[in-house]
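First the structure, then my questions, so here it is.
Letters A, B, C and D mark the chains as written, and numbering starts fresh at 1 in each.
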């Protein structure tokens, strides 16, 4: 391979690697910084210790907000899947154009600015004299994750062969049985990936939750955001984020192993 | 098809019910009838048994002292449970205004300006003079909410880099300090204080000619940054990016204690500005009696002394006695009278206009 | 016994089926033949219950099933792409129908094995559809229908996804199986060879209505109209314009004897414009005849040789017997065996000498 | 034709549509309504309907400057994201197997782990005592820490890092959609690698770029946390102004009017990209 021929390939790999490094630099900094022993952020860490992790796991305040985040994410993912899967079935099979207009509405939360929606939400709650409770937060998060769910589940339904449903009917299976025994198992991988994805999007939301969650029910990212504004870059917070990153990474790798996770990404955006 | 539909609806109703039915601990369940428990003769010694009071307060050292001096003893004696919600005062103010008819918190720890505004705007209950410890407070601590601790807004500077000691607010305008000064952002009480000080120090009329004040302030610029957290500020002072910062005495005491090369000074003309952490009770709080009991204990001698001795927060209670060595760190005794009381309403009234001027002239100062 | 009575169906003002009547007797296998888009698959989906017909009745053993939902009709359907459940093994696929009919597990095992033995796939039970060949998948689809003992079986172009060689082999197997099980069957196809070999009777469908029903040879020999004649037979029939005037008959500018023509056709023709349908095998090359032409192309296909020539710049084709095979550009003269040539009214296309 | 009978299924959309209407549509209506009220103190916006808020926005020279800055940041961010994302997407489209899945997982990791982690990491690296300054000082390129945070550049770098995945994935899909034989055909017709790229690959992946650009531009226009954290109060964009008006000054009408203007800007992007890509669509690429 003459060097002249090899050169463009090498250049591409080098540039691609640098961009990837730039993309992952904050994550590397956060994980690196979490092992720092000192009181302030330092990456590469001056002295390595697990002090931050011990402090993190014993801090009641953060643990509580972590629990809150997990609770909201779980509930909203469940409600989202209960609402989105049937919606996807209907969207896949509908023939009238109005329903497709509804689909663009479901996609709106990705495009429309979160801050605008948040201000509107807050005023509605003020107007209706209701305070930011868990139920409202769950509904709001369900709306946040719907676009991702609809996109991923919808895509896995597109490559589902509908004659299977006709075949099942001809063999005597009523519509409900057909759905649960034939359609659902075949689109299950899309649903699982959609749910995992929605869980993480809901878990990491800041802007909307900052506005809507009531004072006594702060989720973890909001707590981190508030802490960053007042107490600065506290390494203990980095420890939490490092744990989250590791968890997210392992879920992604597992997801890749079992459900060809990356196949769904191309449809996600 | 019908079966599929109702199955789905049932599932949704079920999940949302479990979501709000199973109340997680932190979300306060609004107590059905506060009055009922007090008449209950059975446990007269624990009048507030079963009631939950939610208090919004700053975290860190303040929370620690409050728990030891007020929260634990109260839960012991009255049988109620007190839940502390930590965070900055600006986050609490948002909740106070947006949840005014159905507040999720009962007692709010705010700064001098926010508490005064809250009462004027009718979202917080006016001060109740019948509290037993009320009359022990300094007079300025009895107005615009219940004063908890006094703070003096002065200047803290890096004594290694600033050779010639700073004595008055005007010293900030020394040429060698230009571009090396940091203060907190406006709208916010510290930001408001520095605007007021600039007007007073240079004899400018804030009400009729605010532009001159902001122009004067802009002369100090460009400002390295507007600090929101203290760790960072003192790191920047230590490294010499910032030579002097307008800040509260209580905050800088902590960092000076940690060995930062700084000196805090109560500057002259017009002198250090009086500020205070203040308690207000939400107007529509459902635990008014319990809230007033909590505030009464906070402004009592015992709690105020704990604040002074443990975290050097100057007491608002006149009867608090502390050793001279502690007193030296506090705004105590006759120092209190030397503090300048700021009239906030000038700033409160045209807060919006001043915000625009601040953003355009100060933030963008060259 | 499956009967379709006056079935019509239109979709968004486009009339897809127009007054279709068809009867499939018990144990009989009828082939529904027509070009793509003729509406044959719609008929199949109507019978199976995947579509509702606008009017008419679908009777199975005298009972109208139009109002019964598809999963209660017990009509077996074998789809073009087999539609096997990818997440189930062969065994689970075949047992699925039985489970749906709430059959006892012992009986399920027994009928399952019988069906798989019938299609010769007993030892493929635990395989998944993706692990089977096209032919095997096709047989599992049939086993699935056989297992539920459907009264009527519908085959939707079952062979079109197989390669040529496999297609001929499966065609024979399918036919044997149908006769052994004696199920009333309707097979939908666009391949006339398939229809001719498999169907006891063939129904030709075009533009949504049935052109003609009958056994293979009857349709081939006595087409009811121009479309049926043109559709059956490869290479297809040659159409030559025929003008008849009092006493004379001109076949696209070539005079042929009127009396000889009429005696062959068996009917008398009023002076009019007609079209004569001449099958390649009805042309024969003779030393001399009024019909002269030049050979354009000779196609040697091994068993037979086809000769292409032009009459009045219309390309026609005839079969040359082994003896005299002309070469390209030869001048040849042809004779027509009028006894087996249909004649059509040029406007309506209806066959006039349909004996 | 085959699914005609399924429109009974449309009823299954109702629960989700209902939830959306209550929690998504009504807030926007409320916003529109509030943007026409007058500011009567912190508690409740007053009744007299006025267009005052919108006028004020354009009258006062400060706010158009905010819009200008927001647009400047968004445009530069979108350009930088496109320039940086394309090589990585091109590389990822070219590889197969295990390496590709690892790369995909890594590329989506920032997206999933949330915006806070990115901002914190970026903040940590750019502070005066942070990684970048330490690194530069270690190499003696600079003697004392450089002020990186608190200006537009810091925000642009932060947004670029945050929105890279939004561009990488669509471009990668577009590149993968180019059939292999099209490239070989161009090669057989005499195009060398460079011309092949310019005349075939680039135009055909243009659709992906536009899709990504729309996402990135819209998202950076309405960004809030990154400008607040990396801008350290000195970088006022539309998002921070809306927050300041709503959550600090409680001027709901004015905050709502700015929010509506931002919404209008976002909704304008879609038709603009349609016009931009009209030429593309004749080529059936988008």
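Heads up, the rule we're going with is that a contact is a pair of C-beta atoms (placed from the backbone, for glycine too) under 8 Å apart; a residue touches a chain by one contact, two chains touch by 3 or more.
Remember, predicted model here, so these are calculated numbers, not experimental data.
Which contact partners do chain B and chain D have in common?
In this structure, the chains that contact chain D and also chain B are A.
Taking CA centroids for every chain, report which one is farthest away from chain C.
With centres defined by C-alpha atoms, farthest from chain C sits B.
Would you mind checking which chain's mean C-alpha position lies nearest the centre of all protein C-alpha atoms?
A
Taking the mean of the CA coordinates per chain, how far is chain A from chain D in Å?
17
Using CA atom averages as chain centres, what separation in Å is found between chain A and chain C?
56
Report the inter-centroid distance (CA atoms only) between chain B and chain C in whole Å.
One centre to the other, that is 89 Å.
When the centre of a chain is set as the mean of its C-alpha atoms, what distance in Å lies between chain C and chain D?
59
So which bits of chain D are touching at least two other chains?
2, 4, 9, 11-12, 15, 127, 129, 247
Send over the residues of chain B in touch with two or more other chains.
Residues 1, 4, 8, 12, 228, 232, 235 of chain B touch two or more partner chains.
Quick check on chain C: which residues sit in contact with 2+ other chains?
45, 50
Touching chain C in the complex: which residues of chain A?
161, 163-164, 166-175, 177-178, 181-182, 185-186
In the complex formed with chain B, which residues of chain D make contact?
Within the complex, chain D contacts chain B at residues 8-9, 11-12, 15, 39, 41-43, 60-62, 65, 127-129, 144-145, 147, 149-150, 232-234, 236, 244, 247-251, 254.
Applying the document's contact rule, which stretches of chain A touch chain D when the two form their complex?
Counting only chain A, the residues touching chain D are 8, 12-13, 15-16, 19-20, 22-30, 33, 40-44, 83-84, 86-87, 89-91, 93-96, 99, 102, 105-106, 108-117, 119-124, 127, 139-140, 142-143, 146, 162, 197, 200-201, 203-207, 211, 221, 224-225, 228-229, 233, 237-238, 241, 244-245, 248-249, 252-253, 256, 261-262, 265-266, 268-269.
Would you pull the chain B residues touching chain A in the complex into a rising list?
Residues in contact with chain A: 1, 3-4, 8, 11-12, 15-16, 19-20, 24, 26-28, 54, 56, 59-60, 83, 85-88, 91-92, 95, 98-99, 101-105, 228-232, 235.
Provide the residue numbers of chain C that touch chain A in the complex, in ascending order.
Against chain A, chain C makes touches at 45, 48-50, 69-77, 79, 81, 83-87, 96-97, 100-101, 144-145, 148.
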